[in-house]
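Encoded as structure tokens, the structure appears first; notes follow it.
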Amino acid sequence: MSQATLHAVQTASSPAVAEPILRVNNIEVIYDHVILVLKGVSLAVPEGGIVALLGANGAGKTTTLKAISNLLRAERGEVTKGTVDYNGRSIQNLTPNDLVKMGVVQVMEGRHCFGHLTVEENLLTGAYTRTEGAAAVKRDLEMVYDYFPRLKVRRSSQAGYTSGGEQQMVAIGRALMTKPKLILLDEPSMGLAPQLVEEIFEIVRQLNQKEGVSFLLAEQNTTIALKYATFGYILENGRVVMEGEAQRLMENDDVKEFYLGLAAEGRKSFKDVKHYRRRKRWL
Amino acid sequence: MLYREAGQFKTSYAADQQIFPILQDRVGIAVIAAIALGVLPLVATEYLTTTILIPFLVMSIAAIGLNILTGYAGQLSLGTGGFMATGAFAAYKLSTAFPDLNIVFVFLGSGVITAFVGVLFGIPSLRIKGFYLAVATLAAQFFLLWLFNKVPWFTNYSSSGVISAPPRAIFGDIMVTGSSAHYTAKYLFLLVFVGFLALAAKNLTRCHLGRAWMAIRDMDIAAEIIGIKPLQTKLSAFAISSFYCGIAGAAWAFIYTGSVEPLAFSIEISFKVLFMVIIGGLGSILGSFLGAGFMVLLPVILTNAPHILGLNIPVDMISHLEYMIFGALIIFFLIVEPHGLARLWQIGKEKLRLWPFPY
Amino acid sequence: QENGQFVPGLVYRTGPYAPGGIPWADGFADYVSLLNARDGGINGVPLVYEECDTAYNNDKGVECYEKLKGKGPTGGASVQPLSTGITYALMDRVRADKIPMITSGYGRADASDGAVFEWIFTAPVTYWAGADAIVQHIEAQEKSLKGKKIALVYHDSAFGKEPIKTLQALAEKDGFKLDLFPVPHPGLEQKATWLKIGRQLKPDWVIMWGWGVMNSTAIKEAAAVGFPMNKFVGVWWSGSEVDVRPAGMDAKGYLAAQFHGAGANYKVHEDILKNLYEKGKGASDRDKVGDILYNRGLISAVLMAEGIRTAMTKYGNKPMTGEQIRWGLENLKLDDAALDKLGLKGLMAPLQLSCKDHEGGGKVMIQQWSGAAWTPVSDWITPRRDGFLTEMYKESAAQYAKEKNITPRTCN
Amino acid sequence: MDFLYNFFISPFVQIADSPLFFVEVLTGGLLSGVMYSLVALGFVLIFKASGVFNFAQGAMVLFAALFFAGFIDKGVPWWGSLILTIGVMVLLAMTIERVVLRPLVNQPHIILFMATIGVTYFLDGFGQTVWGSSVRVLDIGLPQTPLEIGGVLVNKFDIIAAVVAGSLVAVLAVFFQKTRVGRALRAVADDHQAALSVGIPLKTIWAIVWTVAGLVGLVAGVMWGSKLGVQFSLAMVALKALPVLILGGFTSVPGAIIGGLIIGAGEKVAEVYWADAIGGGIEDWFAYMLALVFLLFRPQGLFGDKIIERV
Amino acid sequence: MSSTAVSAASGSDAFTADGRHKIGGVILSVQNISLSFGGVRALTNISFDVRQHEILAIIGPNGAGKSSMLNVINGFYHPQEGKVIHKGQERKRMRPFMAARAGIARTFQNIALFKGMSALDNIMTGRNTMMKSGVLAQAFYLGRARKEETEHREFCEKIIDFLEIEAVRKTPVGRLPYGLQKRVELGRALAAQPEILLLDEPMAGMNLEEKEDMCRFILDVNKEFGTTIVLIEHDMGVVMDISDRVVVLDYGRKLADGTPDEVRANQDVIDAYLGGGH
């Protein structure tokens, strides 16, 4: 690992200063007993923070999120080393159900809607763990419909028959229905129309500011992710290769070139990218 | 260091497309073939041959057949017993109607006849999928058994409905079916058959037909959209699968038990073969053998275990325990590796490859 | 016990037919234990008995046979597979292995022809003989069978199909009309069959060739359509306590053909209770001793034991081989005196086997379920073998011999 | 041609000749179809609630009946036996969840199906180890006597069975469609992992479903057991329930009962009127063929959820 | 991928200055398509043309009916009204595999790879329609079968090189990360050497660098083989940069149809889709 680049962005103001709501310590994840995917990932999400997790395809973002929300077991993966703490408490042995009750919810990559349930029923399953009564749930349902008017139109269609973007809205809305404190968002912008992408991130910001919800956000759309995030980690090949405040990351030359598409000369047209670029790796 | 593909570079795609591109695998296969052909016939007792080796080979054929349909083409079938019965009765009719027909052709012919029947019952698969199809294939299972039971023509008007294998020989005078056939002759005859069938299955599954099956299995709509004709592909899977099952049925009746009534191919056989395929590994020819071996050996071991351990348990208790252990083992193996013994074997190889470093 | 006579037991104490298999196996096992406990075996040669569970399943039966046939100093020198299906499956094998197979009251009827079926013994009766006896009984009740309607409800397998040929022949001869009602294995559902019989066809008599859960279901359904029980006759495998008890009082009056008596009031039972049950060594529950199927297992064991005993008169007191036991069986003679000595007097009819006749002239009686016990309602009926059944045996056996390239031996 | 006459003409002549008998066959068929529904219902429940095709339902019927009859034979009064058996079934459900389902979460359906066959073997063996393989007579006082209504013979027992099945269906249908847990159950059937991710506790859910399925199995076991005696063959009624299941649709509670009615009536009518043409003993496959024909028109069964096919 | 074979054969007037095939006549035309599911009108009276060798983008809000449109072209959905004319011939009641056999290949929004097969096998499957050897030849791997397998393998290896997925060719695709799966899917479509390539959000879930790669692939395919491309994409940067023409759908209706610049300037499009940021 080239220490130089690492240090270039590592600043004193690591998020550890504010008491983190989530801390991942040096975890290692193995799938199927043989495929080593995460090779010691550490990160922290401060209470009320929005943290972006960036990295190329296959870097291990999804795996990291699943390790936190304990959905790995369902994929025959396991955390073999390291710890995950939420609010200072180890959560590795809790079920996803316990986690949701504690306010940790994951929006899974690739939508995963309940195809045979209607859009509204999908949203209501999100309220399964809630106990504060029908009225509160109803209110939140209306809130989700406010965020995503399209869902209201399609509320009684079976989710399996809705379009890709509509399903993505369902998945996000369903997670919001759990009334979370920490949302693990896996590629929320995938497949969404541009103006909706903006809206989603506006929702993130609103929830974050008004309700104090924290976010850990795996995203390919680096530009927008860093715009809304306070802190960012860059993952390559199962390792964190760079971390820093969002602002600083955006200013880093490598990040600019590889993730934001801003070379020294400014933004290039997709048409003009002549050669296949050999990826510059930090490893 | 034992099992490495590193250093075995392929200089042409043809070389990379061999069945067993890795040297160690080729050696392994050769050793197994040598043992099966050269050593086992000499050392295996009659009990071992007739209750383990022969049923193992017979069931391997059936398992390959079902694996083609279910493991490769993704069409869940519980009609295996019915197709095996078709093979058995077709072989009986063929060999009694044409007494001079070589037994090899009797077997192949029964396979072909079963293939036609299989296609007939495969037609609904175009519309019916998954468990619905599985239950629908039970229609084939029950209907075929009923038919052979009901129509006396199939049994040459035997009053009991039982058929028994007429004595037949290969190479002039080596008896391979009937009561006078020596068990070793039966075993070797069957072994050669199995060898060819397994090779053919392996080849089919790695050529374009096999890819079409797997495409249909993994995502039939996408497969159709990229140009694979669903009906044709599914029916070809039904045909070839039934071909294998038919031969397995013929071998069962002619070589294993020597006589059968339709009831012998009851739904339990269908389930048994399905077990083999799943425990062995869906979509794996090797798995078919592993599964068949597992399923043939396990009950024999379980029934003999108390005796070997010197325990004196009444037979009914043994049987009940056998059921329990059998059920528990199935669950256990599924949990350890849902993709079957073949996958377990593969992971083992992968670990071996990484050895001595764990990851 | 190195030098005992090995006795294989192909039984089923599990699977769908276990309720019938268990009492039979218990009776068989108890008689073997009795011989060992009371007499020290047969002529001082102890019996070594080992069971193997076939679950009434043909291929398991073959496996059990293969497993047991090589045990003991002389191998599994005689087998009783307790299933017509397994009988068929073993027919070739016992011929090759030279092991006599005793199929008491089941199996292939034409195997009574000892010239062709050298290794199979059908004593004391075959299904064909049973069918004939039942028709004789019906004829006795009805005076004439002309124009009568008789229905056969049968287990749709090799077993159930066995009597059809005889009944058809009799129908032609005696002028009654025969209707066939197959019931698929295992026979849980017979409503349509019985609606048709009880409400539409309304036959004068119903004969049943059933086994397992099919029997009790049939009796229940028959009662549900109001078919009179006293016109309903089962073969011996449809006439045990386990068949009638689930139907409760509905079964009262139901008839069954038997080739032996019921109850534990015979000397042999006394011995069994004394030598085994009082010492806690019985295989069954004490109150099940004497059940129909228990007695049948017992009789089956008797046939084997007496075959061995007879063989020893020629070959000496040591474990007998299959060929020796065959000789023994072919020279077996159980007359009243012999039965009395065995404590079986009245339990079964006398019989005598020969090289030619492997059935031995067993007799059949009809018994009726009183709601609590089986009571005889007929005398011993002698099946019409001469001129009728033996002809059929011969014809059918000849065809088998042709198929299998067997040259029948000459019996003198 | 004899066959053509027997197939196309004679049955209808017979029906016209004696319509009362036809009605009798029909009602008999409908009522015995209800008995299949009782078993099919257990299947539907588990499939609908977890996407698992539970082959062990038949074994659970036998298992429950064995314990119930066994306790009664041991001298426990019937209500005591009932409570004990319910306890056993709850225990069983929890064990299955822990030992079988939890480690296999998110696996393909066929694997779970296979695992339930493993469960079948285990239960068959276990039940018989404890209680033996002999027939047990189960008499809980249900009337068995025939009853004539307007010249049509029906069985009181069958009517009771129909009432029981009907009420079960009503209760379960409401449960699935209208309650929070019911919705969660259906979600689980669609996607285990997603259900986990929104905090649906699979553990509890599965324990509940399997318990309910066990209780439905108990009801079926008691009904079938008092009809046939409690014995191994009870496990085989599962095979009679399968065509009912596909006809009605795997995911439909009311489908189970309507499927049962159609299959019951269909196979009885066929057996009575068409056996002459094609030979008797057709009940075994007729139900499957009938279901197959229906499926060709509705691949998801009459009332099943439409199979979602999208790209 | 080697470009020599194609470009050498063609006359110079068929090409534009930068070496692309000149956009030709209408190759595929959809006319007055209406499609509804129960109450949902997915498409209402949609018409547009696809011209030979062009890159046509379809954009629109979520649920606008873009994917449905591709499904109609493919023959997977059957519209209640309207017709699809492919190379001057009307296609009615078409089964999906016919489209593929007529030279229309496609990728899917929700990756539709064959999960149990390796990347290589997936791509080989794309060539299945061209393989003709019989069952027996395959079973014994004789003559034609062996020859075919090797030839097609060679072609697929070229695609693998082109897409830079050599390292994972034998990996079961289920285990690949999302981005690579998308690439394999493109490879599978390319393997069929289609005349028209339908791409449904090929770049969703990719980061910038990967998007650039993907754009490159698409442009290269178009340039070297003259493959006509119909593309659905939400990334406006990509759409505006690489497409020749854009069709905008909005809840089943066609909102606009024109060059990227025209569309970008269209107020309706801005309101319905692009939002303020663009």
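Of note:
Per-chain numbering from 1; labels A, B, C, D and E assigned in written order.
Quick note on the criterion: a contact is a pair of C-beta atoms (placed from the backbone, for glycine too) under 8 Å apart; a residue touches a chain by one contact, two chains touch by 3 or more.
Which protein is which chain? UniProt says A, E = Branched-chain amino acid transport system ATP-binding protein; B, D = Branched-chain amino acid transport system permease protein.
The shown structure was predicted, so the numbers you read here are calculated from the model rather than taken from an experiment.
Each step here moves to a touching chain, and the least such steps from subunit B to subunit E number 1.
Taking the mean of C-alpha positions as each chain's centre, the chain lying farthest from the centre of subunit B is A. Centroid to centroid, with C-alpha atoms defining each point, subunit A and subunit D lie 45 Å apart.
Distance from the subunit A centre to the subunit B centre is 47 Å, each centre being the mean of its Cα atoms. One simple way to say how far apart two chains are is to compare their mean CA positions; for subunit B and subunit D this gives 31 Å. For subunit E, residues that reach two or more other chains under the stated contact definition are 76, 108-110, 112.
Residues of subunit A in contact with two or more other chains: 161.
In subunit D, 128, 133, 279, 281, 284, 310-311 are the positions where the chain touches two or more neighbouring chains simultaneously. Chain pairs that touch one another: A-B, A-D, A-E, B-C, B-D, B-E, C-D, D-E. Within the complex formed with subunit D, the residues of subunit C that make contact are 13-16, 18-19, 22, 156, 180-184, 186, 188-189, 191-193, 195-196, 199-200, 212-213, 216-217, 220, 223-226, 242, 245-246, 248, 250. Against subunit B, the residues of subunit A that register as touching in their complex are 30, 32-34, 36.
The touching residues of subunit D, when paired with subunit C in their complex, are 18, 21, 24-25, 28-29, 32, 128, 133-135, 137, 139, 144, 146, 153, 155, 227-229, 231-233, 236-237, 240, 267-268, 271-272, 275, 279-281, 283-284. Subunit B meets subunit D in the complex at residues 70, 76, 124, 127-132, 135-136, 138-139, 142-143, 145-146, 149-151, 221-222, 225, 267, 271, 274-275, 278-279, 282, 316-317, 319-331, 334-335, 338. Residues of subunit D that touch subunit E in their complex: 310-311.
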